[in-house]
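Take a look at the structures listed below.
Here chain A shows up in two complexes: once beside chain B, once beside chain C.
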Partner chain A sequence: MQTQQKTLDEVLDLAAVQFKVPRQSLSPDDDFFKKLGIDSLQALSLLTRLEQHFNIELPDYEMQGVSDFRTLAERIQTRL
Partner chain B sequence: MLDLDRYTSLGAALSDALDRWPNETCLIEADRERERTRLTYSDFKQMAAPLARALQDAELRSGDRAAIIMTNQSKWLISAYAILQSGGVLVPLDYKLTAGEHLQLLAHSRTKFMVIEYHLWRAITQDPEFNNHKIKIVLVTEAPPSAELRGGYRWEEFRRKGDPSLISRKRQDAACIVYSSGTGGRPKGCVLTHENYLEQCKSLTAWYPFWPGVRYLSILPTNHAIDFMVGFIGPFVCGACVVHLRTLRPEFVRDAFVRYRITYVSLVPMVLKNLEHGLRSNFDALPGIKRWVLNLMISINKALTRKRPNVELSRKLLGQVHTAFGGQLLAMFTGGAFIDPQTLRFFYELGIPVANGYGLTEACTVLTLNDLKPFRADTVGKPLPGVELRILNPDADAVGEVAAHSKTIMSHYLDDPELTTETIVDGWLLTGDLGRLEANGHLQLLGRKKNMIVTEGGKNIYPEDIESAFDGLAVKEYCVFAANYVWPKKELGGEMLVLVLRLEQNQEFADSLKNEIVSRNRRLPDFKRVTGYVIWDKDFLRTASLKIKRNDLAHELGSSLERSAVKEL
Partner chain C sequence: MLLGRNSRRYALFLVCCRFHGMKQFDGQALSWTIKDRVIELALHREPCNEIGSQCLEELEQFTAALPDLEQSAHSLILFSTLDCGFCAGADLRELYRRSQEMKKNDAIAGVRNFLERIHQVMNTLDASPLPTIAAVHGIVFGGGLELALTCDLIIADKTARFCFPELRLGLIPGFGGIPRLKRDLGNAVVRDLLLTGRSFNANKAQQIGLVSQVVGEGEALRVARATAAQMGKFDRNTTAAAKKFIKPIPYDDFRQEIEIFCELFSQPAVEAGLKKFVESANAQPYLP
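Our next item is the complex of A and B:
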C-alpha cells in the first residue's frame, strides 16, 4: 500500500489538473473552497477523478465536512 | 390520482396507492452507472409489510416518533411508509448534521424508533453523548457483515411475517416533525399534520400533475420538505415513479436525466447554475454557423413561448438540448434561496421551464409557485390554490412582511408555545420574509425581516446555531448576524454571516486571534461559515437574564456602521 504522503501528493496533483491551477500553488492544508473558488458541487466533481486514479469508490458522504486536501487524502488512504 | 379528500392520513392514502397501481414502477435507485433497485408498487408493498409488522410487534404505537437519517434511497421511502402505516410520527432529520446535532434533535423530538445508514450510525456511536440516547429501537441499513452495531438491529433482517395493521390517524394528528433549524439551543421542530400534507399535495398537483409514467428525479434530500412532498407523497398518490441517485456528482446527475427520461426535478439554485454553466460552455464551443443556428432557434422559441410554454414545439426547435435532458423533461422546480432571474430566463428560452417557488417548512412545503402563465423570472409565483397571502405593515413601496393563511400551515412548534404564538397569529403564519404582492397575484420577495440566511445550496442557516463554534474565543463577547438583517436591503442575494466581536479593554485584534477565528470557522461545514467580521466598540445589549438583545444590537450596529465596515475573513 502506498504511503499517506504519496496519496496526498497525488491528490494535490489531480486537483491542480482538475481545476487548472499550478500545482505549486496548492498546499495540503489549503481550504480548497477558498483557494480554488469552488462550491461544494465542483468539489464533488473532483471525486470521480480521484476514484479513477486510485481505483476505489468514494461515497459522497466521505466529502462531508472535508475542506482541505490533507483530510481528503486521509479518507482516500483508508480505502486503499 | 387518488381523491385525497377521502383520506385522513398519509398512511391510508399511500396504502391505497400501493394497491391501485401494483404493476407500475414506483422506485428506481441508481449508483453511478449501476441500477441497484427497481420496484413496482406491488414490490414496494411486499418490502414494507414485513418491516411494518416488525415495528408493530416491537410496540411502535400510534403517535410514537420515529426518525429517519438517511441519504436519498429506496429504504428511506420504504421505512417512512412502514412508520406511517403503523401510526408513527415521522422525524426526518438532515443527514448532513453532525452526530452531536443528531443526538440533540433525537432527544428533543423524544424519538423512540430510528432508521439510519451505517456510516451515520457509526458517527453517532462515537459521540460523547451517545450513551445518553433514549431510542428504543435503532435499525441500521447497509451495515458491513462484521460491523458492531452498538445495540442497533440490521434493517435488512428486522422483518416479521404476517400482515401489518393500517393504524388510523385523524387529519389533525401529527404526521411529521420537521426541524426548520435549531441545533443551537432552540430547536424549531415544525409539527405538521396529515391534513397539512394531504392539502399541500392536492394544491401542488393541481398545477403540476403526476401520473403513471412520470419520473421524478429526487436530488434534494428527502428529509427536506420539498423532496418529501414532490419526491415521495406526490408521485406515489398519482402512480408515478421516483428516481434516486446514490451519488449527486454533476456528471451522474446529467446522465440520469437521459438514462431515466426524467419528467420533473427539483433543484437548489447552486445545481441549476452548475447546469447553466455546463450548457453555456457547450454553446460557446460550437463552431460559428452552428452557434448562429442555435441562437436563431432560441429566438424563435422565445417568440413562440412568450405567453406560455410549449414543450412539444421547443423539443422540435431545440432537439439536441432537450435530448441532453432526456427528452421528456416538463419542468424543473427551484426555490428557497435567491436565484438569478437570468438563469431562469436562460432555461425558459431553451424551452425548459424552471418554476420558481417560495415556501417554508412551517407551511409544509410551498406557498407560491410560478404557474408559467406566463413565465416570470422576477417573482416567486402566485399563491397555490387554498393559500391566502397578506403583506403586513406595507411601506411606501408596498413592501412588508409576508403572512400566509392556508390548510398547510403547521400545527405548532414542538414544545415551544411561546415561539408558536409569535409565529402563528390568528391563524396567519408570519414568515419573516419581506415581499410585495402584485395586482396579478405574483409575489416578489425582497429581503428578510428575520436573522437568517438561505444558502445557494438551499440551507437555512440561523446565526445563533453556529455561535457555539466560537465558544471560548479570547474576546470579551461576540455574536453572529446575517448581514442583511443588520443592513437591510430590498433585494435577496448577497446573503452572508458576519461575526461581531467586542474586544476586551485595550485588546488589539492580533493576528493570533484572527487565525483562531479562521481555524474555528473552517471546522464548520462550508455552508455554515461566517464570511466576515466587524469589531464593535460597545458592550452588547443584554436582557436581565443576560441574553443578547439581538434586535436592538442589530439596529445599533446597522445605524452606527456601514456594511463596508465588514472585513473579510
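Our next item is the complex of A and C:
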C-alpha cells in the first residue's frame, strides 16, 4: 500500500492537470473549491479522475464537507 | 416547467411534420439531423441540458417528427454538445420558480401534466423500432439518466458520472427511471443507486450492466456512430421484432410512478428541498 504522502502528492498532481493550474500553486490544505474556482459538478469530474487513477470507488457522500486536498487524500487512502 | 405548451405553435409544427417532413431541426434546447442514415439528436441547452418546459417542448417536436425520420434512418443516437455532460436532469430552478407562482393544487396539476408529457416522449423513444444509443459523457444525473435509459445501449466516455439524486429532495425519479432500471438491472443495484443517491463512474456503470461500452474521453459519439453503423447492417424488421421481445415497456409501473411522484410532490419536504437547492450558496449542491 502506498504512503499517505504519496497519495496526497498524486491528488495534487491530478488536480493540477485536470484544472490546468501550475502544480506548485496547490498546497495540501487549500480549499479546492476556492483555489481552483470550481463548482460541485467540476468537483465530481475530479472525483471521477481520482477513482480511475487509484482504481477505487469513492462514494460522493464520503466527500460531503471535504474541501481540502489533505482530507481528500485521507479519504482515498482508506480505500487503497 | 408547469406551463402548458404553446398549442398553436405546436399544432402548426405537427402539420409541417406531417406534410413536409422534418429531417433537420435546430432549436434552443436540442437539434436533430440525419447523417449516414443515423438520426442524431444533440442536446445543447446551457448550463447542462436541464429538462424544463423548453426542452420538453422540443423533445415533443422530435418525437412528433420521429416516425417520419425513422423511414430514412436505421439508428438513433442521443448525445450532448456541452462540456458539462449529457444532462443534469429536470430543471429544478424552473420547477421551484413556477410552483411558487401557483397555488399548491395547481402546482401539483402542473407537475402531473409535465410528467404525463415527458413520459409520452420517453415512451416514444423507448418504443422506437430503430436501435437507439445514448452517447454520454460528464454529468448523467436524474432525468438525464432516465433519458439515457430509454435507449437500447449506453456508450459512456470515461468522464461520465451517473446518479439518481431525487431522494434527497424528497422525491423519486419521475421520468420512468425506476421501472426502466428495474427492467435493465438487478433490484439490489437499483436499491443502492436510489437509496444512497450516490453518483458512480462509467466503469462502475459498466460493471453493473448499465453501460455497454466505456471509451476514452471525447470518444463516445464516434464509437456510437460506429456501433450504429454495425446495427444498421441488420434487417430492420428483425431488429424491431427483437427489440419488442427483449425490451418490454413497463407502462403499469409508469402509472404508479407518476402517482407516487405527485403524492410526494405535495409534501412540504419537497418544497423545502427545492428551496434549499435553488437558494443554496453551498459549493456542493449536487452532492447527495
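The definition used in the following text is that the second predicted complex is superposed on the first by the 80 of 80 C-alpha atoms of A that agree within 3 Å, B and C clash if a C-alpha of one lies under 4 Å from a C-alpha of the other, contacts with A are read in each partner's own complex, and residues count from 1 in each chain.
We take it that a contact is a pair of C-beta atoms (placed from the backbone, for glycine too) under 8 Å apart; a residue touches a chain by one contact, two chains touch by 3 or more.
Nothing here was measured: the structure is a model prediction, and the numbers come from that model.
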Exercise for the section: State whether chain B and chain C clash or fit side by side on chain A once the two structures are superposed. Expected result: clash
Practice task
Classify the contacts of A:Q52 with the two partner chains as first (chain B alone), second (chain C alone), both, or neither.
Solution key: second
Practice task
Could you say whether A:S67 touches chain B, chain C, both of them, or neither, answering first, second, both or neither?
Solution key: both
Exercise for the section: Tell me which partner A:D13 touches in the superposition: chain B (first), chain C (second), both or neither. Expected result: neither
Exercise for the section: Give one of first, second, both or neither to describe whether A:S40 is in contact with chain B, with chain C, with both, or with none. Expected result: both
Problem - On chain A, positions contacted by chain B and by chain C - result: 33, 39-41, 44-45, 47-48, 57, 59-61, 64, 67
Fill in the blank from the handout: Listed in rising order, chain B residues that touch chain A in their complex are 32, 71, 95-96, 98, 119-120, 246-251, 270-271, 274, 456-457, 522, 525-527
Practice task
Quick one: which bits of chain A touch chain C in the complex? Just the residue numbers, please.
Solution key: 33, 38-41, 43-45, 47-48, 51-52, 57, 59-61, 63-64, 67
Handout entry: chain A residues within the chain B interface of the complex
Key = 31, 33, 39-42, 44-45, 47-48, 57, 59-61, 64-65, 67-68
Fill in the blank from the handout: Contacts from chain C onto chain A in the complex sit at residues 48, 84-85, 88, 138-139, 158-161, 163, 196-204, 282-288
